[in-house]
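Each chain carries a letter (A, B and C) given by its place in the written order, and its residues are counted from 1.
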Amino acid sequence: MSLILDHVTYEYGSDTELAVKALDNIELVIDDNEFLGLIGHTGSGKSTLVQHLNGLLKPTSGHIYFNGRDIHENDFDRRALRGEVGLVFQYPEHQLFELTVFKDVCFGPKNMGMKPEQCEVAAYEALEAVGLDEELYDQSPLDLSGGQKRRVAIAGVLAMHPKVLVLDEPTAGLDPKGRDEILDLVKELKKNLGMTIVLVSHSMDDVAEYADKIVVMDRGKIIYHDTPKNVFAHAKELEAMGLGVPQVTSVMKSLADAGIDVPQDITTVDEAADVLAALCK
Amino acid sequence: MLRDITLGQYYQTDSILHRLDARVKIIGTFWFIISIFLINRVSGYLVAAAFLALVIKLSHVPFRYMIKGLKSIMILLMITFAFNIFLTPGEILVQFGPLHVSREGLVLALKMAVRLILLIIGSSLMTLTTTPNNLTDGLEKIFNPLKVLHVPVHEVAMMMSIALRFIPILIDETDKIMKAQMARGADFESGSLMKRAVSLGALLEPLFISAFQRANDLAMAMEARCYRGGEGRTKMKPLIYQKKDYLAFLVIYGYLVVCVLIGRVLPLPF
Amino acid sequence: MTNAENIVKTENLVFEYIRRDEEGNPIGVKAAVDDVDLNVEQGQFIAILGHNGSGKSTLAKHLNAILLPTEGSVWIDGMDTTKGDHLWDIRQKIGMVFQNPDNQIIGQVVEEDVGFGPENMGVPTEEIWARVEESLKAVGMYEYRKHSPNKLSGGQKQRVSIAGVIAMHPKCIVLDEPTAMLDPNGRWEVVRAARALNDVEGVTVILITHYMEEIVHADHVIVMDQGKIAMQGTPREIFSRVEELKELRLDVPKVTELAYELQKRGIPMPDGILTKEEFVTEFLKLKH
C-alpha cells in the first residue's frame, strides 16, 4: 500500500516557450501509515504535487505507482484511486453544494458506487469521526461556521474510506482555535483509522509536532526529506527559502550561538522549557 | 485547459495600439466588423486580412497568444462550418448518405469561417490592447448621449468592467471546484446523462455561491472606497483625442473606403 | 480628552442581528457587538484580536458606516455615523482593507485600481496621478503599477489594496484580517507596509487579526470575545496574561509561552516576552 513518485516532472504551458516546471524530477516514496508533512511557500509546487497523488494531474514525464501499479496505465481505474487516496483541497468548504450536510457527505461514496444504505453508514461514520454535532447533519452546509464547514468537507472525503488522506493546507484562513481543532482531528484520524496522512502546510509549527517525516519543497524540487529534527537542523537554508524553523528551534539556535550548550533538535515549548529549566538549576 | 481562454483578456505590453484612445479602437472595431460583411470577394478578404495583419504587427501582441484564444471557440467555428457545408443546397460535389456537400455550400462555409476568424481576431485585438477600465470609459463616453433617454450608461459600463476583471478569477475557481469534486469521484466527462447532470450541479452550485459571495464583498469594498455611481466622478485617464487618434481614424476610414470599392464598386476578376 | 482628538470613538456600541430558522422565521436576537467603548487617538497603532465570531469584524464595519449601530454611537473625527449627512466624509477618513485580496481590487491594472477611490471622490486628474504614485511607493509596489493584479502574490495584492486606500488620504485605515489568507511571507509584507504607514506617514492604523506575532509592535491591543472587550493594554501587558489568552483560545507567540513555562518551573523570567531577541537577552542575563 504505498505511493511512489518516480522522476515526476510537471510543466505548465508546455506548448509555449513560457513553460514553467512546477515539479522538477520528483522522487518520493510515501509509506503505509506514515504521517508526512509537506512544506513549501506559495508556488513551491506542493499543491501541484498532491494533485498528482490521486491522478488529477498527469505528469509531463515520469510515473506514479500506487500499490505497484502505474496509475496512468490505460486500464487503471482512476476514479477508484480517488476513493483510496482522498484529497482535501485548500478551502474545501467551497465545494459543498448539497442541501444538507449529510447529503453532501454522501456525494463521494455515491460516486464510488456504494449502495444507498452503505453511503448513509459511511457518511454517518465520517461525520462522527470529524466530531460534528449530530443536530447539524440536516442543516444546510452554508449555515455552518468556517471550522464546521471544513470538518464537513473533510468528512466528505473520509466517507469514501480512503487509505491515504491528503490535506492541502487544511488550516488556511482558520483562527488559532479552528487550526488546533483541525490538526488534532488529523492526528486522531491517523491514530483511530490507521490512515496514511500527507499534510501540506507552509507553517513549520503546524507540522513539527505531528509529522514523522517532512518533505521541504522549493521551486518544484524536493530539497529535504527527513525527520523533523534533521530537517530543522538546516535552519539557515530554510530561512533562505522563506520558511524558517519553529520559533523554539530558532531560540535554541540563538542560545547556542551565544555560547550556551543546548540541544539543537528541540521543536516544542515543553521540551525546551525542560531543557532550559534544568540548565538554570 | 480553461486557462487558455484569451478572449476578452488584456495583454500587457506597450504599443501604439495600446496607447490609442479606447474610442478609436471601439469605433474602429465596429467598422472592421461592418467591413467584413461588406466584402464578398477573395480580394476583399485579402485586404481585410492584410489590414488585420498590419494592426496585429502594430499591437506587439504575440500572434501565438491570439491563436490560443481561437482554440476555445474552435467548436463554434466547426459547427458553423458543418451547418454551412452540409445544409446549403446547390450543385452537389460529394454525397455521404443523406448528407451532401454542394459547391455553394463549400464556398459559403469557407467564407463564413474566414469571416468568423477575422471577426474574432479583430475584436479580441480590441480587448487585448485596451484595459477593461479604458474600454468601459470609452463605451461610456460613446454612449453618453443616451443618458438623456435615462439609459444607465455608467452603470452598464461599470458592470462590464467588473465582469471582465472577474473572468480569470472565476475560471480559476471553476478549475479548482471541478478538481475538488473529481477528488470526490465526480465525473464530468463520461457516465450517464443523469450522473453528469449531478456532477454539473456539484460544480455550478458552489460556483454560484462563491460568485455571489464575491459580488457581496466587492460591493462592500467599492462602497468603502466612496463609490456612489457616475455622478461627480473624475477620471484618472480621461479620454481626450490626440493627434495619433485622428490619424488612426483616417486610416480606418481609408480602409473602409477601399473595402466598399472592392466589395461593391470595382469590377475585379476575383 | 475631547472628541476632536479621537479619530475613532464608540460609546456603548451594540450591534444586534436577528437569528432565523430554516424557514426564515426569527428565533432570537444575538448581539455581535455588545457594549463596546473604543477610543483611538490620531497616530496610534491599534490591534484588535479575537477568534472568529468574536465580533471584531462587525466592529470594524461600524467604523466606516457599512454597518450602523443598533444602540450607542460611533463618532469618526467628531462625526456621528448614524447621521447620514457625513457618510462620504466618513468613508474618506476611514479607509478599509478587507480579508480576501481578490474581492476588493476593482481595476485590472494596479495603477487604475489605486486611482479608483480618488476618482470616486472627484479628485482632479493630475492629482490622482500624484496620489497613485505616492501611495504605490509607500507600500513598495510602484514598480508593479502597470501589472495585472491577477498575476500578483496574495501579499502584493493586499499591498495594492492598502495603496488604494491611502490614495484617498484617510486619517485612519482599518485592516480587517488582511493576512488571514496569506502565507507567512505575505503576512510580513502586509504588516510591514501597515507599520511603515503608521511610522512614516502618521496614519492611524487599526489592525484586526488573529495572529499574535503581528501585534507585537502595536501601541494598544484590544482582545474581543463574544462581542465584548475581554482584555486591553499594551502588547506586553496582554502577553503577560498567558493563561487568560489560552482560555480565549488565542495563540501566544512560542517564545512568550516558553518564558511563561520557565516561570512555572521556577525560573524568574520577566513577564510578557515578545520576541526571540528579548528572550535570548533575558535568558543570558539569568545565566550569568
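Throughout what follows, contacts are C-beta pairs under 8 Å (C-beta built on N, C-alpha and C of every residue); 3 or more make two chains touch, one makes a residue touch a chain.
Computed from a prediction, not measured in an experiment: that's the story for all the values here.
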Steps needed, at fewest, to go from chain A to chain B via touching chains: 1
Relative to chain A, chain with the most remote C-alpha centre: B
CA centroid of chain B to CA centroid of chain C, Å: 41
Distance from chain C to chain A - Cα centre to Cα centre, in angstrom: 30
Residues of chain A defined as touching chain B within the complex: 16, 51, 54, 56, 79, 82-83, 86-89, 92, 94-97, 107-108, 110-112, 142, 156-157, 160
For the chain C and chain A complex, residues of the former touching the latter: 22, 51-53, 153-154, 180-181, 183-186, 210, 249-251, 253-255, 257-258, 261-262, 264-267, 276-277, 279-280, 283-284, 286-287
List of chain C residues in touch with chain B within their complex: 64, 66, 88, 91-92, 95-96, 98, 100, 102-109, 111-112, 115-125, 128-129, 132, 146-148, 150, 164-165, 168
Chain C-touching residues of chain B, taken from the complex the two chains share: 10, 12, 131-133, 161-162, 164-165, 168-169, 213-214, 217-218, 220-228, 232-238
List of chain B residues in touch with chain A within their complex: 64, 173, 176-177, 179-187, 201-202, 205-206, 209-210
